[in-house]
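Naming follows writing order (A, B and C), and every chain is counted from residue 1.
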Amino acid sequence: MILKIKTKSKREIIDITEKINQILVKQEKKSGLIFLFALHTTCALTTADLDPGAEKDYLTAFEKISPQANFVHPHNPEHFPDHFLSSIIGAFLLLPFENKNLVLGTWQRVILVEFDGPREREIVVKVI
Amino acid sequence: MILKIKTKSKREIIDITEKINQILVKQEKKSGLIFLFALHTTCALTTADLDPGAEKDYLTAFEKISPQANFVHPHNPEHFPDHFLSSIIGAFLLLPFENKNLVLGTWQRVILVEFDGPREREIVVKVI
Amino acid sequence: MILKIKTKSKREIIDITEKINQILVKQEKKSGLIFLFALHTTCALTTADLDPGAEKDYLTAFEKISPQANFVHPHNPEHFPDHFLSSIIGAFLLLPFENKNLVLGTWQRVILVEFDGPREREIVVKVI
């Protein structure tokens, strides 16, 4: 199936943990692994701590590590770091679930990192 | 199952290759894929070359790429890069095994990267 | 099975999407997930946008984020960032396929990032 996520800003951290749990509740399998893959080159999927303020800190940190150079990327060279950060972090996740619920650490959340929104993002979801 | 790893320092590279092989030896399946997922937001799992001195070099390099900014993270803003590096590298691995042994390159090892130890880390392990 | 990829330069972005699709066409399974794992510590696998000029931009950006320090890596300390970037990006991928063809975004390609070529790289491939 495809999970669609609407993003609202150019760069944004979106907690998709509950969306994944809502999908798991509807599955026949009670435990296993769930695979997520974003069909895009300017967003990423990963896990993160989302304490108050953490979203702002993540965006600050991504800005800090964005490489600065005279990129040749067509249309808009300044846009290239969006692709680069997406490739570094990765577009897929594999996560464990039990009792139709993600198995995560106490502070661990599943996030979509938007680098070039606002857009509607599509994530392939498969239960293994 | 849960693999528990005790770390000893604030930042540390821990070779967990043999721990994974010890788990594989006890499995019924002889070949397949093994999934690892750290239930934490300040450590990471990846593969690495561990030549003599490499652990020190990895720690030096992580220090060098740690973003510096006025983070708003509660409790201790200086601690935010630990979360950030964990999210960039990733908390999960999927690795092939044959004859109940990991299939790795000649110099390739499976590592836990500790960014905020010492702690006891928990890794979900599932054989596919 | 093992997919072999010959690289031609010290650092290089290689689009392996069609090689993966050629493998999928020969499989019995029509849809599922395909796992890729590079048996090396100085290359990486990820997904990327490969607009004209993007390969050059990726190499420029990797150069920009390479940590600079007095590494102690044996043989050649300047070589350590090759290992480091490989560990950060990751050596494995899990990708969805349908009708014996990868399911990717419009601009999304599967790439091998060579950091220390030219070499013949070996990638473990398993269909799940």
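Assume a residue touches a chain if its C-beta (ideal position, glycine included) is under 8 Å from a C-beta of that chain, and two chains touch if they have at least 3 such contacts.
Since we're looking at a predicted model, the values are computed, not measured.
Residues touching across the chain A-chain C interface largely differ between the two copies, under half of the numbers being common to both.
Between the two copies, chain A and chain B, the C-alpha superposition involves a rotation of 120 degrees in steps of 5. In whole angstrom, the spacing between the mean C-alpha positions of chain A and chain C is 20.
Contacts with at least two other chains are made by residues 65, 88, 90, 94, 128 of chain C. Those residues of chain C whose C-beta lies close enough to touch chain A in the complex are 33, 46-49, 51-54, 56-58, 60-61, 64-65, 88-90, 93-96, 103-108, 111, 128. The residues of chain B lying in touch with chain A in their complex are 35, 37-42, 65, 67-69, 71-74, 80-81, 83-84, 86-88, 90-92, 94, 122, 124, 126, 128.
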